[in-house]
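Notes follow the structure.
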Amino acid sequence: MNKKLIMLVLAFVLVLAACGGAATPAAPAPADPGAATAPPAPEAGDDGLRPVRLASHNAVVEGNSFRIRYELDIQEAAAAAADHGFAVSYASFVANWDAALEVQQLQNSINEGYDFILVNPVSVTGLDPVIERAREAGILYINANNIYISPGAGVLNVGSNQFEQGYLTAREAGRVLGPGARVIMMAAREGNAASELRQRGFEAGIEEEQLVVVHESFHDWNYTQATERMLEILNAGVEFDGILVSQNANALIDAFEITGTPLPRFIGYHDGGNFMLQMIELNREERVIDFMMLSNSPGVGGTALNIGLHQMLGRELRADLPYWSDTWDDVIALLLPNSIWMTYDDSWDGRSIFDWEDEARRLGSDVPTHWWTFEDAGAHFFY
Amino acid sequence: MHNSAVLRPITNLFGKVSGFANRNPTRMAIILGLGLYAFTVFQVPGAFSVQAISTLFMMTLLLSFASAGQTMVLIGGGMDFTVGAVMSVAAMITTSIMRGEDGRFLQAFAVCMLLGAAVGFINGVCTTKVGLPALVVTLAIGNVVTRMSYLVTAGTPVGRVGPAFASSVIYRHFGFIPSLALYALILFPLVFYILYRSRFGRQLYLVGNNPEAARLCGINVNKIKTISYMISGMLSAFTGMLGVGMLQASRNQMFDAYAYQSLIAVVVGGTSFAGGVGTYGGTIAGSMVMVMLNNMLTALNLSQRVREITLGLVLVLILVMYNRRKGVRQ
Amino acid sequence: MAQVRESFSRFRRTPAFTGFVLFTFALTLNVILQGPANFFSPNSLGILFSSNMPFLIIVIAQGVLLMSGTMDISIGIQLALVNVVTIMTVQEWGLSFVMGSLFGVAAAIVASVVLWVLISVIRLPDLLAGFAMTYVIRGVNVFIMNIPQGTVARPFWQAYSSLLLGFIPASIIALAVVLAIWAYLKRTPFGTHVYAVGANPQNAFAAGISPVKVQLQAFMIKGLFTGIAGICLTLMTASGNPLQAEDWGLRSLAAAIIGGFTFGGWGTIACAVFGAGFLVMIQNSVYFLFNWLANVIPGLMVTSFWHNFIADSIIFLGLLTTIITVRGQREALRINLEKKYMKRGESIA
Amino acid sequence: MFETKEMGKRFDAVVALNGASLKAYPGEIRALLGSNGSGKSTMIKILAGVYGPDSGEISVDGKVVSIGSGTASRQHGIATAFQELSLIPTMSVLDNLMLGSEPKGKFGMVDRAEARQKVQALLDRFGIDCDMDAYIQTLMPSTQTMLEVAKAVSQKPRLLLLDEVTAPLYHDEIQVLFRIVRELKADGVSIIYVTHRMSEIFELCDQVTIMRSGETVKEASTNEIDLDEIVFHMTGQYPEAHAEKEVAGDSGEPTGREVLLDVRNLAIFPSVWDVNMKAYKGEIIGIAGLQGQGQPEFIRSLLGAAQITGGSVQFDGKKLDFKSPVDAVNGGVGFVSGDRKREAVFPVRSISENISAGKIASGQLGAYMTGKFIKEFSSGAVEKYNIKIGRLENPASSLSGGNQQKLVIARWIAMNPTLLLLDDPTKGVDVHSRREIHKILQECAAGGMTVIISSSEYEELFGIADRIYVFFEGRVSDMLAGARKTDELLVAAMMGMTGQNKDGEAM
């Protein structure tokens, strides 16, 4: 009885609040990227450089070599911007996968009057209110890496093509193994957008190459868990020819080393230097295993920064770019191609994979990265 | 009570199983673990192989090492949530000191032990002297330890373990006995000695069972508890070293999941949250249950959502068989 | 003056005192780092409330359970459950947002009652039961919503983050509703029975109170509050995500303990508010600390590792301080008692 | 009227009630008397629904009823003020007094105004000066007890049970209590009043029921019975309160032995005010007194487990400076508690571990200590002192109370301490085990160990103690030795009927 009453009161209050909110004029969400982001350029400082206060918001940094490199690339790109007339000051904030904390921090940054907010969000939805406020405050807001898919948010996304990562890997597996080959599919995390996108890519490639998935599992982007799952799959006595994995391929190789099981004919993909090194060493004597080393480049943050700087200069994004997203309606996304990748037969520069050994050693657990310079970004993306 | 004729045999059976579990937790855990494996093999015949058993053995050993300290702390009436954090940090220390060279093993070992003892000491002092619930305190301390590890490593821990050390963990003697078992030859007797053959172990049981009586007997309760946390820290650190010996390269927070895993393994092994009861043999069997459970869920090739729901329900079922608190009316 | 001192000394004896001290410290820190003018601007306060309302209400919900002598660490993932159910009922069944929210609240109450069965009826250890439930609910969430998606109609989320009369954060309505419900419950017999059950189930039973029944009520109220918090989260993010807020389970517990709760029968809703406030203010302070540092030292590139390290260290120290203030309180109590005793003895002799 | 007939109740080997009966008529105050262990508390708890009787019947107004729980007891119109209090310390006065019987108001809410009014009226009636929002744990013990009584009275009972409520009360509070009890009597309420204070019986009560060893031995009107007779029925002896203290010249202190313990003007706030005591090596010192006269605190202070607030203690020629029991045990002190469950026994650990606990407690932590060693040690102790207890590997909880106690005593005897402290060690222990325990203690004393034993059952002290210190209200009211060790003197001293305690002092 009481609870019903409370529910009614609650519903009533919400409706009231909604009516109150509806009365306030809602800014129309522009679908045109150029219009979405064209704040007035700031005045030049004493040193002749235009000061730009950048706030980089990240969902998580700890325990994630991709995100660490992502932040470092933004720092490098920020420093490099001095050559192009910008004094970019960089502050970074991390939300530890806490959506509420992320909103709070973003709102703080809007209040603090940052000129440029670059967000690698916790979730691919849930920031519409924040984005709208940033726009009202005249702040340049770019969403990087984790594509923000909420329809009609009118935000510019800069990210890697996750679909392509899965797709390329599956195609390479098909090329190596041939049609009808049995593969294990280890995804990252159910219920996660990036993982889901890659899965769509994997599935498309698997279908084209007529591969057969004999076992499915998940590693939660957790290296140790990936090894444990692989050990358990080996325990289950599943027979397979290759492994498709949404990053962390090196963790799976560890499972083979631990058990002394013969390696499959193909594994992919992963992006770390350790994985490159592992592949080089395994294949040194003879060709043992084919692989896909593919960089989900953390440089998207740096690229996004340079794109943003052009926007600050009032330049207009080209409408005929080849990389517009076709996955979602109303989502403006510059999906950068996955330019860095190598397989046994085909690596960059046409060099043999063994020529990359020093490079791989230098990288270690870091990942290869690439960000578009100010000039490149300007030339490619703007009129 | 249900009087329905259909339910009675089920409740009776469950009552019997539960009674057996409480009387012989170790045997029950062994039966459970083997049962889970038998079920797995029944469903997926390929899961029965020398190679699989060898791997399962190895994983059980690793979890049982990680749970050794937790067993002691729980027997003493505490709880240690820093197990995972300490393991991860020890792993990073190991790789960054060894950098692929076996000669630096002793240095790494010394630093890891120091770290484990230090974290354990802080745990002990904060739970006994400050008197806050162990769950919350050790959790907070574990967080600080983890955060510090990021500061020190800048998020990318370096190095690798030495090759000899790595093979001392993963090499399989006669093709199926994991070399990790050699460490068990040192660790198990050590733990058994501490728990059952030393004055400390004896005191620990008394402290966990009735701290007030132990105090009036002249046992320094706080000291015993603090030492149990320190031993737990050191054992966790050593397990972290072995773990990274297996995986060879380290990462931040790589073994965090072991905090809960060890807790459940210990409870399934018959050690109670109330303190004063428990055996390490039970913990080893409990570790096997956890390893077999995970192995089964993977072998059954479930989607992640089904897997998680199943895991939760099976855990509830196992817990119902063990560790029921007493009701208000007795 | 004497009255003020008297009421202060009475306040010192309440469970909320330690939480209050810590909260005041964190608040001061935040105000200084952010600058009073900025901090007290309606906009900034509005954001502070709207983005932290879900957590605040969760800690209150956790507090209700702690009063009754138990806890729920799956409360965080239950928030995501409410969020997912609300969004999906609206999206798939074409319900209005208000109806969807009611389904969301119902889901939280159902989850809470299931946990009640495990903890109070079957008497599993509450920590491990909550841990197992976390897995189950996470799986269920992904069943309901396989990928983050969905929207909330604009008027609703705009209303949530708007300012009433230009200065009152609308999100405060949710808190007001929760506090009003609690104010009502506190005035029912449940309001005292819950403490009796938490502190001493035997004595409560002797007084004719059923601990199991009272815990059921506590779990249902916790479910209702979780539901309200979930709706706030949904309004704040205006979308659905099946995997969020999971670690709020343990964090809400830590916040409640910092605020002055103990495991069973000690602590008030004020403790929950102060504890949650402390955590929020510390995190916010850390934001402004680094914001300030980035301004003061140009070219400073601090990795965000420092943010987390400093925040977690302060939280740990806060935990330690709790006990120091509690000890001081106890000491004051003893001296007080001794004084009274002596006085009494003298007057009689 | 309320009546219990032929009540029987056993706890393990101990018979608490053995066919006892009790009647309570409307409008009368009945004193329920008996020495410690006579079964009167058990009787009260059966009526309150805390214990279930093994045999016998309870009838209300001639109808046989069963009282299975506290709620059932309430429903029959019975309210109880417990000696150990049923208040919840972390809740306010208001909430405690109204717990379970909150006045209903609108919308299912508690009518706060009415509750406050009720509680205020109750506080006024009892003359309790306290803030009704204060937490119970911040109040003085005496106030807490008054509140416990007030809570019982507020239930408007037909039968009010007051179990030793005056012990912590001050003089003026007792007067208030008496006034209220008389008012209730005028309203036709039956009151059963349990007390140790003889003077109160004649001041307040109409009838007395005296119990001894679980049986009801005497029922009489207070007009027809005098104090000496009451004491006689309680103890089987006539007191000699007024018999003179000439014999007191004999201190009974042994000559030619070393003093081990010298206690001067010891105070332990708030239960011990001024205690002087000497103990010689090889002596057995008895401590007698009614419950709660400061004996437990005194004994614990010697162990370093209670903080000494005044006076001094010399132990073995040095100032006693034990910070904790650890120091005390290392210094050669052993302690046997009568509160087995809380302070002595490790219920889930084996019998041999329990016996060896003292051995386990002292020494190097890393020392090698096998199960075999513990077993041998414990079986040695068992053989040496001829303690018959079950299999050594069984858990201690499998033993009866008496055997558990032997276990704890064996634990310390085996350690051979210089000073052995025993706090009511034979509480709830059957006669046979008790005799064995006495024998053991005597052997130990003969071997040079000093034993200080407090007991709530003073008869046993005559058998074993060389000298008996009698505690009353935190002071030593008399010391009995040699020829003065008589029941009469002891009873008088326990009741405070000696010259030492003037009326009003600390009352």
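Order of writing sets the labels: A, B, C and D. Residues in every chain begin at 1.
To be clear about the criterion, contacts are C-beta pairs under 8 Å (C-beta built on N, C-alpha and C of every residue); 3 or more make two chains touch, one makes a residue touch a chain.
Small disclaimer: the values here were computed from a predicted structure and weren't measured.
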{"item": "Contact-richer chain pair (by C-beta pairs counted) among A-C and B-D", "value": "A-C"}
{"item": "Per Cα centroids, the chain farthest from subunit D", "value": "A"}
{"item": "Whole-Å gap between the CA centroids of subunit A and subunit C", "value": "33"}
{"item": "Whole-Å gap between the CA centroids of subunit A and subunit D", "value": "73"}
{"item": "Chain centre separation (subunit C, subunit D; CA means) in Å", "value": "44"}
{"item": "Of all residues in subunit D, the ones touching two or more other chains", "value": "107-108"}
{"item": "Residues within subunit B bordering two or more other chains", "value": "147, 150, 154-155, 304-305, 307"}
{"item": "Contacts with two or more other chains, residues of subunit A listed in rising order", "value": "2, 61-62, 68, 189-191"}
{"item": "Sites on subunit D touched by subunit C in the complex", "value": "49-50, 69-71, 74, 86-91, 95, 98-100, 102, 105, 107-110, 112, 131, 133-135, 137-138, 140, 142, 170-172, 269-270, 504-507"}
{"item": "Residues of subunit D defined as touching subunit B within the complex", "value": "303, 305, 324-326, 328-330, 335, 337, 342-349, 353, 356-358, 360-371, 374, 411"}
{"item": "Residues on subunit A engaged by subunit C in the complex (per definition of touch)", "value": "2-3, 6-7, 9-11, 13-15, 17-22, 24, 26, 58, 61-62, 68, 71, 75, 89-94, 96-101, 103-105, 107-109, 111-112, 122-129, 149-151, 189-193, 196"}
{"item": "In the complex, subunit C residues that touch subunit D", "value": "10, 13, 184, 187-189, 191-193, 195-196, 199-200, 203-209, 265-266, 333, 336-338, 340-341, 344-345, 348-349"}
{"item": "Contacting residues of subunit C [partner subunit A, same complex]", "value": "38, 41, 43-44, 47-48, 50-52, 54-55, 97-98, 101-102, 105, 141-142, 145-151, 153-162, 164, 170, 173, 177, 181, 184, 220, 224, 228, 231, 233, 236-245, 247-248, 280, 283-284, 287-288, 290-291, 294-295, 298-299, 301-305, 307-308"}
